[in-house]
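Chains here go by letter, A, B and C, matching the order in which they are written, and residues are numbered from 1 within each.
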């Protein structure tokens, strides 16, 4: 059994944003030399997500608007978490809807993906450095 | 370490529907010969889900109504994704709530399940062929 | 390849509650002797969640209020699942938002976590005994 570990790092200049990290995950898989196994990709922070969906700009606008409707940022004093001095309670909720992590199959040395699957980092409380963990186990 | 891969394929005749795929996942596990490990079951399409919940018809009606309330299909022009000519932006949202994938433990050659756990394929943009990936790693 | 399995058991005295299970998962990892691999932690019941977020009391109050807004418990007769004699349809929905499971990387014998990641059991239909599965695979 082989294992491989890599971190990605982000500093999104706005509060919220989506970044396609599929090429970085593919590179990590090639570096690992693993041909059959699993890849875990997870946000290391609790106000961010890793998820799989479409790389389409209109959809990302829709996600942003929809998440704001389900868990609005303002007014910040609607959330007890923000009594601690934070203003990011909404980001902890948005991350639950979009998810912390994805698991990917590795088959014959490649990410075993359907036709439109792309991996995204979803930031809900940006403007500081945050990290994603890639861990690969297999043979 | 052993690995096993299988695809399931679906063509749901309506826009939305739920299919219990537990027997197919159990068959794949038996075919694999793996006795200790993990099973990944994921939708290969980004307007569909794989999730674990109850095989109860009333609950599935509730899910359908609830997902329509949280991410309505109509009016389709409320979504920028649909400016591309698609009408399935809502399906990309429903899939985020229900999830892309499940990971299952394999113990002594069986799916290691609680009393009511059943695996479902959730379709949110049907009427065409779509696939699910089963990948099993272990010994 | 090594594997290790452990169950945790809960009896939350109220309908809903959150319990930090990070120490129990860390203990299971030490018991396993596994140094590189993956840990799966999943609810064995379909009205409960395992998720990773912040151990902050105000945030847990916010989650409870938010989940009640997205999937209210009352009136119970709004859900067809409750026609079966149950009153927990809302719990099946809350669990989908918060998730069934988490996958954790194991690196050099430790949970490979970001600075604030903590693992929680989320109960949405308590007052009876329920279980969580920990399964660890690696070397």
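Here is the rule we use: contacts are C-beta pairs under 8 Å (C-beta built on N, C-alpha and C of every residue); 3 or more make two chains touch, one makes a residue touch a chain.
In this text the structure is predicted, and so the values were computed from the model without any measurement.
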{"item": "Same vs different contact residues, subunit A with subunit C, by half of numbers used", "value": "different"}
{"item": "Rotational angle, Cα trace of subunit B fitted to subunit C, multiple of 5°", "value": "120"}
{"item": "Cα-centroid distance, subunit A relative to subunit C, in whole angstrom", "value": "20"}
{"item": "Shared-contact residues (touching 2 or more other chains) in subunit C", "value": "1, 38, 70, 97, 99, 103, 137"}
{"item": "Complex contact set, residues of subunit B against subunit C", "value": "1, 36-38, 51-54, 56-59, 61-63, 66, 70, 97-99, 102-103, 105, 107, 112-117, 137-139"}
{"item": "Residues of subunit A that touch subunit C when the two form their complex", "value": "1, 3, 5, 38, 40, 42-46, 70-71, 79-84, 89, 92-93, 95-97, 99-101, 103, 131, 133, 135, 137"}
